[in-house]
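Listed below are the structures to be examined.
Both of the next two complexes hold chain A, though its partner changes from chain B to chain C.
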Partner chain A sequence: MIGRRAFTLGLASLLGGCATHHQSGPATGLPSTSKGYRPPPDSDEAGLWLAVDKVEQAQKRSPSRIRDQAANALVQDIICRLAGDRCPELRPYLVRVPEFNATCSPNGMVSVWSGLLLRCKDESQLAGVLGHEIAHYLRRHSLQRMRDKREWDDMMAFMQFTLQGPLAKTMWDISGDVRMASISMFSRDHERESDEMGLVMMADAGYDPFACAETWRQLIDEDKAGDVKHDFNFFLSTHPATKERIETLQQLAEQRGRPKTSPPNRLDQAIRHLRRGFMEDEINQGRFKRTEKLLSRLAADGNDPAGALYYRGELYRRRNKDGDEASALGFYHESCEAADPPAEAFRGVGLIRWRRGEAELAREYFRRYLDRAPQAGDSDMIRKYLSGA
Partner chain B sequence: MNRLISLAIILLIASCTPYRLIPAGKVEFADQGTVETPIDWNWRPFDIVHTWTLDGPNLQEMIFHMGVKDGKTLMEVLDVEAGFHPLLVWFGKVPDEVSFRFHKRMTEHEIVDLFTASMSKIAGSKVVSTQLAPATLGGKPGFRFEYAFTGKDQVRRKGFGVGAVFDEKLYLIHYVGTEIYYYDRNQADAERIIQSFTFKEKDKGKG
Partner chain C sequence: MRRTAGTLIVLAAVLLGGCGAQSYRTTERLVRTDAQPCIMLMPPDIELSERTAGGTTELNAAWTKAAEAHFATALREHLTSIGADFVEYLPPDDASPDAQLLDELQSLHATVGQAILEYHFEPALRLPAKKGQFDWSLGPEVAKLAEHGKADYALFVWLRDSYASPARMALQVVAALVVGVPVSGGVQQGLCSLVDLKTGQVVWFNALLPREAGDMRTLEESRATTHLLLDRMPK
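Then we have the complex of A and B:
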């Protein structure tokens, strides 16, 4: 029914030459589920759950799964703070993928990507994203979208057989465009609803609601640095325009106000030992501008400046354009001077100095590297440099 | 996306490439070098490298990078910038992507870092080097390293490689196999092959 209503509305809008602008607010659709909900076994929803259950089985065994106890415990705890008595239904899986993303499947599987963990400045930002995903779950958005798409496909199949005459192709093409616009619009409504619900959930749990808009600003800065466009397409965009999302989230945060007490912030403690591996994943992507922006922000955030500076040096060294070696050397040096520097930062200085023929200075840094990492796998090679070979 | 499609097409074409038997004995790599193999192998070209296997590339493989030039990637498929439109390059509007390239002034660490970063792209999962030590290849000073990764197929693999920069070009031979059974079964053969490597006569004396 939703599909047909949307079709009529979409066709009318299209023929009238205007686009509908949706305000933030609850989307039409299914009622939310209650605690412990399981779909009826003979329903399409049960089929959807079954398909996702298989994905979850693969996720459990995946080599990219992060099994770190502290990080998993934190994400589980945030989910419980946000979801309340629905917490037992939600099962987090942290996965090592260097992109900003999280998902919550209809069966309660929550995937949190390492790129998201790295990019979150604090626990409130992570809670904002998880709240958004949990809202998708509670409002059964996947099921709604599946049914909407199926109804549209039925409608198109029906029209294929019934449309006849000279205008048939034109009508068919228009219907196809309206179908795309309707499905995308429906998806955007879900995103708006999840943005709003997620913000309410995280604010209710004591987190800072202003973190939600801030997360988006950070992402836009990163994408702008990499010349990634955020063009909004009425027919194809499944998410609202980013500017609109930021404005809405900012307004909602202002309505809620700052939390009365300091929000919990255990993120740094929980992922500190993983963060440098996540940074390495980022530079392995080979995306210079975006990664540069990200690492410079991370260095400024103060969570692990020494790590961020070292990987910034690595990023420049690997690119190796004019002046990059000098930039790399500068970042390695800055890293060495910061608190808790990676041993590799000293090696980085040593290698560049060695290549430049500054053997004594190089050896000094090689010695400092070995002092910090005497059992390093490359210690034989470093000792060769030290012996003057 | 275009890069992924290109990679998929190349892999598809490569998967259709017939193998050729490499009998035990002396094997020449054009004008670059020779090795002696104690056993037969199955050879196929992949991109710009030579690959040998006994039971299939997913089980064990020897890969020969023979004479990578300054400024080049380890495989052509890894050179993302080569696909940029000249006009985009002219106007400085190229995608935010850089290729990891060999440079003749690289230290041993940097070459191994280039190798693991490049292999990570090919394997689709993180490749980690575990050991790095001085070694020789064809009598030239070089390095030896070990590495490991778990592929998308969730199979754990390990490998080792020996390389050297000679005449401003990188020569690198590595052997990789499944951690269970296949790596161990032919590691000694791979070691003997690498030890037997000699640069071509015309290059002697340049290093």
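Then we have the complex of A and C:
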């Protein structure tokens, strides 16, 4: 990293002192900002902030924004516990996207995707991810990466006009490869730094540091299920291999130890009423294996087994391959027996029983469906089944 | 001189892109009535950036802010000087669906404007289905904007302006000395449309083609750019 930079700067000064930002160094080179920091108006950093200000403006107005008060209040509170006096600079936006992700932009906009909220077993897991993202913000990683890429691209532009002779093409190609590998390596260094800082922040705030590695184990499980492929490329990946991250996070957690008092866990309370909508988004993704893995884990983690079982049933019903109807029926039944089942689980049982000619059993479940959802949009149709038509 | 390094490059730019000051216009869809029409000024979409040696543009916050202020002044001066009636668009609350509509229409305006440039003004690319007519629209949803200011037409403006970074200027010198190839500097370009608030139809359109001239960072130059964009607007 340092060698390459020296080369860039050497070349740059040779060609007229053109590199305008010399202060970036290796991954840890740029100083963290202090409380209330705003970039100088004429700086490249201010431009970066303005660009994300525009994204934030759109985010504010987006129909996919989750405006639910309880969920927003919890995320804001976790951010404040993690960021301390930097909390006023960070503005969370909950977004309905069924993927595991959160981002923290250089201007302090924090995006938390619904797929992340759904996958977090407890508040500690969510705090771990938020801590990681806040670390990116505090360490100004976006700015560092922007400058790193600019230096590379500027250097390549000069090489384009100055490389001469028979080896020019080879040198150009090699430089291009080194550029890609170096930019990716720089990014991986940032991810490692954020993993470590995030874990320290969440453990300091009283959360369970072992939750960080656990989150990644869950993700590996989903990925292994098959229908989404992530190949790790040693040179070009922008994030370290998940296995390496798990090992490091596990080691760091062991150094910290479990928290002395039980960590806050208000997640279920804050998103309970949203979770089933998130599950529905997941089954709409059309990734059967992955979603099956996720829902079976959610059914086991105890936050909303009835909901997870119902949507698992829906997943099978929609795929409708050999034996899927029987699986769907099984999950609907299990959902009906669990605490606080969705009304639709009873309808699910009723419809399959009806198709199988088990009219009496079907009617019983239709009645239970209507008891729970008398105003449902399809209630007239269900009453037709009951009246024996 | 801040845009490019050396007269050589300026000369090449003039030779290669000499049509820079030319602007397109059309009034084909405009139907005049006796009453003086009123124009609603949509928030202009302006970005000023630095163009790096590597060729990417990096937004500059200070320049953009200055350009927005200069354009606001120059636009109002211009409209007043031609005696046009105009009102400001009153942006709705962020939570309102209309706020998002504005974002979408701003993006759509830039996209439609580029399409007009390509498929109306390039004779070879003219779309047969248009049958030679100037027929472009931002869609009937535009009518909702009329609730945020009483007017007949909305004026949309999209402006991009960039300046060579010090590294790019050095690259221009190196390229000129070593291989004699001109490397372009910063570029200014713009689009503006007058849109019928009842139908969404673009009734008048003007494009400022990419040119290595102009400077939205100063009020005087901003006036010149505004003039190029708007001087053929129907009075």
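The rule we apply is simple: the second predicted complex is superposed on the first by the 358 of 389 C-alpha atoms of A that agree within 3 Å, B and C clash if a C-alpha of one lies under 4 Å from a C-alpha of the other, contacts with A are read in each partner's own complex, and residues count from 1 in each chain.
We adopt the following convention: a residue touches a chain if its C-beta (ideal position, glycine included) is under 8 Å from a C-beta of that chain, and two chains touch if they have at least 3 such contacts.
On a predicted model such as this, the values are computed, not experimentally measured, just so you know.
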| item | value |
| --- | --- |
| Clash or fit, chain B versus chain C on superposed chain A | fit |
| Partner chain in contact with A:K243 - chain B first, chain C second, else both or neither | neither |
| Chain B versus chain C as contact partner of A:S62, first or second or both or neither | both |
| Touching partner for A:M156 - first (chain B), second (chain C), both, neither | second |
| Chain B versus chain C as contact partner of A:R258, first or second or both or neither | neither |
| Partner chain in contact with A:H273 - chain B first, chain C second, else both or neither | neither |
| Touching partner for A:D44 - first (chain B), second (chain C), both, neither | second |
| Which of chain B and chain C A:R290 touches, first, second, both or neither | first |
| Touched partner set for A:M146, first chain B, second chain C, both or neither | second |
| Shortest CA-CA distance between chain B and chain C [superposed frame, angstrom] | 6 |
| Contact residues common to both interfaces of chain A (with chain B and with chain C) | 61-63 |
| Touching residues on chain B, where the partner in the complex is chain A | 80, 93, 95-101, 103, 105, 107-110, 113-114, 117, 120-121, 125-126, 129-134, 143, 146, 150, 154, 156 |
| Contacting residues of chain A [partner chain C, same complex] | 12, 15-20, 39, 41-44, 46-51, 57-58, 60-63, 67, 146, 150, 152-154, 156-158, 161-162 |
| Partner chain A, residues of chain C touching it in the complex | 49-50, 52-56, 58-65, 94-95, 97, 99-100, 103, 165-171, 173-175, 178-179, 181 |
| Contact footprint of chain B on chain A as seen in their complex | 61-64, 96, 225-228, 281, 284, 286-290, 317-320, 347, 351, 354-355, 377-378, 380-381, 384, 389 |
